[in-house]
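Here subunit A shows up in two complexes: once beside subunit B, once beside subunit C.
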Partner chain A sequence: MIAAELAKQWRRPRTLGTLGALAGFSFALTIALALSGADQLQRVGDIPLLIVPERAGSSIPVIALASTMKFFLPLAVAIFAGESIAGDAAVGSLRYALARPLSRSRYLLAKLLVALLLSLVAVLLVPLAGLAAGTLAFGSHPLSAIDGSASTALHSAILTFSATDTIARMGVGTAYVAAGMLSIFSFAFLLSTLTAYPFAAVAGGVGLTLVSRVLNSDYLPGVAVLNKWMPNNDVDLWEHFFQRPAQTGGMAHFLLLQLIYAGVCLGAAWWWFARRDILV
Partner chain B sequence: MAAEPPILIEGLSKRLGRGVLAIDDLSLTVEPGQIVGLAGPNGAGKSVTMKVLLGLVRPSSGRVEIFGEPVRPGASSLARVGALVDGPGFVPHLSGLANLRLAARMPGAALGEQDIERAIAIAGLGSAIERAYRTYSHGMRYRLGLAQALLGEPDLLLLDEPTTGLDPAHIAEIRQVIRLVAERGATVLLSSHQLAEIEHVCTHAAVMREGRLIAWGALAELRGEHDSLEAAYLALVGAGERIAQTPGGAVSATETSATTEHADQSTAVEAGADRDAAA
Partner chain C sequence: MIGAELAKQARRLRGWVTLAAMAAIPAVLTLVVGTTRPALAERVGDWGSVVTDSSGLTLPLISLSAMLLFMLPLAVAVFAGECVAGETAWGSLRYLLARPVARGRVLAAKAAVAAGYSLAAVLIVVLVATLTGALAFGVHPLTVLDLQHTTPFIVASTKLSPLSAIARLGLASAFVSAGLSSTFAFGLLLSTLTARPFSAVAGAVGLGLVSRALDNVPGLHALSPWLPVTDEASNLWTGFFLNPMQTAGVGHALLVQALYTSAFALAAVWWFTRADVLG
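Right after this comes the complex of A and B.
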């Protein structure tokens, strides 16, 4: 069932298009930087880190992941999760799949695992494509970054990471971002069990991302009380891995929040899907 | 020991959202080898009944069994059922062949290359079987849907309006396929708005109206003194208000005939026969 589902989803034009766009983004970013500003300091994230891309190809995955984690990656994840069941309902294949001796829980689990796998591929693809494009364009050299939070007008806190160290920190950072997509994924997956319109489920996932971005105390101090419950706001904390020593404050809370969103949304999805009438 | 009936429905009711009673105390037993036509106006409950039989819709009350096993989502007896309900449903970007292979790999199917070859022959799509499903015409989609329903030679075939929008040649082909299926001993439940369709291929018919079974029996019995099944059907459905007021929803042959001024024909329609038998 999982193999059949994976074969089906993998060949879906939307899957290939989404993954292609994410990989293409890293290459496009590299080309844009090479053409215009690879020799200049680039500000990355809220810390901020200041990086000169031309001096290390491994800077591209850092910039690429930081650029996609707040919208493009949630969009991709919402597509994979939101389309999973609603997509089948929309084309009518859901009723034929469930008219077999196949428990709904097993069907749901297969859908969940395949959508999770594709979402994980989407997240991994951005830094991997960035690393490939950056290495091709700028070579493999140690990454030098200026820690904006520790720098003053008189003193720049310059940090240097070897290529191996950069890749290791990026690996942990990518895992953190992947885990940070769990809330958006779970919400879109829940919507996918509720509707026969995949666009609605995808839009719901994207909508949650936007709500999370809007209700952000960085922009609206009055909503600070909500900030720590928003599913996407602290997805950028991985950038603190590129400080010395690496900072991990707030990460445990964010990861726990992802688990809570996942538990509630996936639990509700399972409860509803096991009981719902399949009328379309 | 007698074989379990392919379909056993007793006192089935289904209330959908907003309190709509889609099926109201339906009882029906279909015996092996019968080709049963399910007729009735739009909203009579035919499609919902099919979906209950497939475990897609949960009954609000009543007993539903397929080959002696209570129907529930994922019931093992569903492996013996093929269906074309609410039109075909395939993955648009895959070819017809890839879709059939996908169906053959579904749990409970465990079908081989020979089964797929047989289904391809039934679909009769020629080289188009290799094309993406989204490029198919309406008729091609229905033929592929029928081929999928017949994958693995099911013992029970549920067909909901299988000839909708098809041209006469395709309709004749599908009728022929249904006859062949029945000849090998399978049972067929076929819903259709076209009574001529039911008359052409079915051995029995059930008429539903507003979720209730209002007539059931062999075609000859249902036709009775009428020229055609259509005339008998219109007499039944035209009896609207009186049917609704009949206790238990069953229509007696006398009442039905009286509405069409044939009161002397008292055995033409065996309305609610199975419900009575079950009771």
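Right after this comes the complex of A and C.
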């Protein structure tokens, strides 16, 4: 069941196109940086982390993950989750799939696992392609970064991480970002069981990141109290791994929040899908 | 033609709901800020800052700054994305086009009415914010802090008389409206391409998202001045509230908007005059 679903999704141009675009993003980023300003300090993320890309190839995965985590990765995850059920409904094959002697829950579970796997591949692909492209372009050297939050005008806090240390920190950071996509994934998956238009489910998943960003005290005054309950705001906390000592404040709360969003949305998706009247 | 379209849209609930939301958000914002943190400085744009209870005229600045990211583009996308695709979804587009009016004129009338609604959305935000702000905090001279030029030793600020502040507010509204025109034109183009209004609206909002995401990628800074929607360009209006008025980059931003708007609008006209209308 899962193997059949995986084989089906893998053959779709949409899957390969999305994954290809993400890998291409890391390569394009490397080329753009190599052509312009690889020898200058680049600011990474909202938590000020300053890196000179040219000095170490392992800087590229950091930059690539930081610049995709707020929009391009949620988009890819929303595509995989939003397409899963609604994609079948849109081409009219859902009722034939459900006519097979399998319970709806098993069908839903297979869809869920395959979409989860593809989403995980998407998140892993960005830093991996970045590491490959970065090492090719700039070589494997220790990464030095300036911690902007610990620096003053007179003293800049320069930290150096060995190549293996950087990769280990990036590994944990990537796992954190992957876990942080869970809320978007689950919401898009829920929408996918509700609508027959895949585009609506994908747009809804991306819409959740938008709501998260709009209800942020940086943009809208007076909503600071909501900040820590928003699904996508704290996904950038992994950048604190590149401080010394590594800061982990707020991470446990964010991961718990992801589990809550996932539990509610996936539970609702299962409840609804098991009872739904399938017409197409 | 325009009159008929206007009468039709005025009977539809969607436009009124959207405009009502645009009026409600600044009012709620005044209420929330006024009850929870009236004496605090709120950031406006990239570098500006105003102390809310110093004058009611701070509220339009806070509202514009808060709604520029998402609410206003959404409203504009709703009006532009609905205008043709809404008819297609209802199945009334082919009857509309069967009337002895050129397709170009139909599109122009629809676009003009949608543009009018979009402009109204921006104006309503500014007007409601000014009115509720004036009621809550009174009409006093407006003081704007310039965080860019403020050092520990000097506070750089500009004090504007109410009249001058309102005149500058008009200018700012015009610039903000112009900044939304690429989103509007893209929504209009999508509206002629799809039969589902939701897709056109989401696509038009998506233009701003993709553009902003690209703007924030290090290494692609060379692209930034030519993207349709960037934080830097959309926040240029805050420069109008300084003395002397800062207008650097405004001309370039308007030029970029004009380029995108005309490209999308031409594509919409080209496609709509040739499209095979089935719905």
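We take it that the second predicted complex is superposed on the first by the 279 of 280 C-alpha atoms of A that agree within 3 Å, B and C clash if a C-alpha of one lies under 4 Å from a C-alpha of the other, contacts with A are read in each partner's own complex, and residues count from 1 in each chain.
As a convention for this text, a contact is a pair of C-beta atoms (placed from the backbone, for glycine too) under 8 Å apart; a residue touches a chain by one contact, two chains touch by 3 or more.
All values reported here derive from a predicted model rather than from experimental measurement.
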**Request:** Evaluate whether subunit B and subunit C can sit on subunit A together after superposition, giving fit or clash.
**Result:** fit
**Request:** Treating the CA centre of subunit A as the corner point, state the angle out to subunit B and subunit C, nearest 10°.
**Result:** 90
**Asked** Just subunit B (first), just subunit C (second), both, or neither: which does A:Met1 touch?
**Response** first
**Message:** Let me test your reading of the model: by the given contact rule, A:Ser119 touches which partner, first (subunit B), second (subunit C), both or neither?
**Reply:** neither
**Prompt:** A:Thr174 contacts which: subunit B (first), subunit C (second), both, neither?
**Reply:** neither
**Asked** Taking the superposition as given, does A:Arg11 touch the first partner, subunit B, the second, subunit C, both, or neither?
**Response** first
**Prompt:** If you stack the two complexes on chain A, which partner ends up touching A:Gly222: first (subunit B), second (subunit C), both, or neither?
**Reply:** second
**Request:** Using the touch definition from the top, say if A:Arg43 reaches subunit B (first), subunit C (second), both or neither.
**Result:** second
**Message:** So in the superposed three-chain picture, is A:Leu33 touching just subunit B, just subunit C, both, or none of them (first/second/both/neither)?
**Reply:** second
**Asked** Given the touch rule stated above, what does A:Asn232 touch, subunit B (first), subunit C (second), both, or neither?
**Response** neither
**Fill in**
Smallest inter-chain Cα gap (subunit B/subunit C, superposed on A) in whole Å equals 19
**subunit A - residues contacting subunit C, complex** = 29, 32-33, 36-37, 42-44, 53, 63, 67, 70-72, 197, 199-200, 203, 206-207, 210, 213-214, 218-222
**Request:** Give every residue of subunit A touching subunit B within the complex, in rising order.
**Result:** 1, 4, 7-8, 11-13, 91-104, 106, 274-275, 277-280
**Message:** Under the stated contact criterion, what part of subunit C meets subunit A in this complex?
**Reply:** 29, 32-33, 36-37, 42-43, 62, 65-66, 69-71, 196, 198-199, 202, 205-206, 209-210, 212-213, 216-222
**Request:** Quick one: which bits of subunit B touch subunit A in the complex? Just the residue numbers, please.
**Result:** 16, 48, 51, 54-58, 73-79, 81, 83, 85-94, 102-103, 105-109, 148
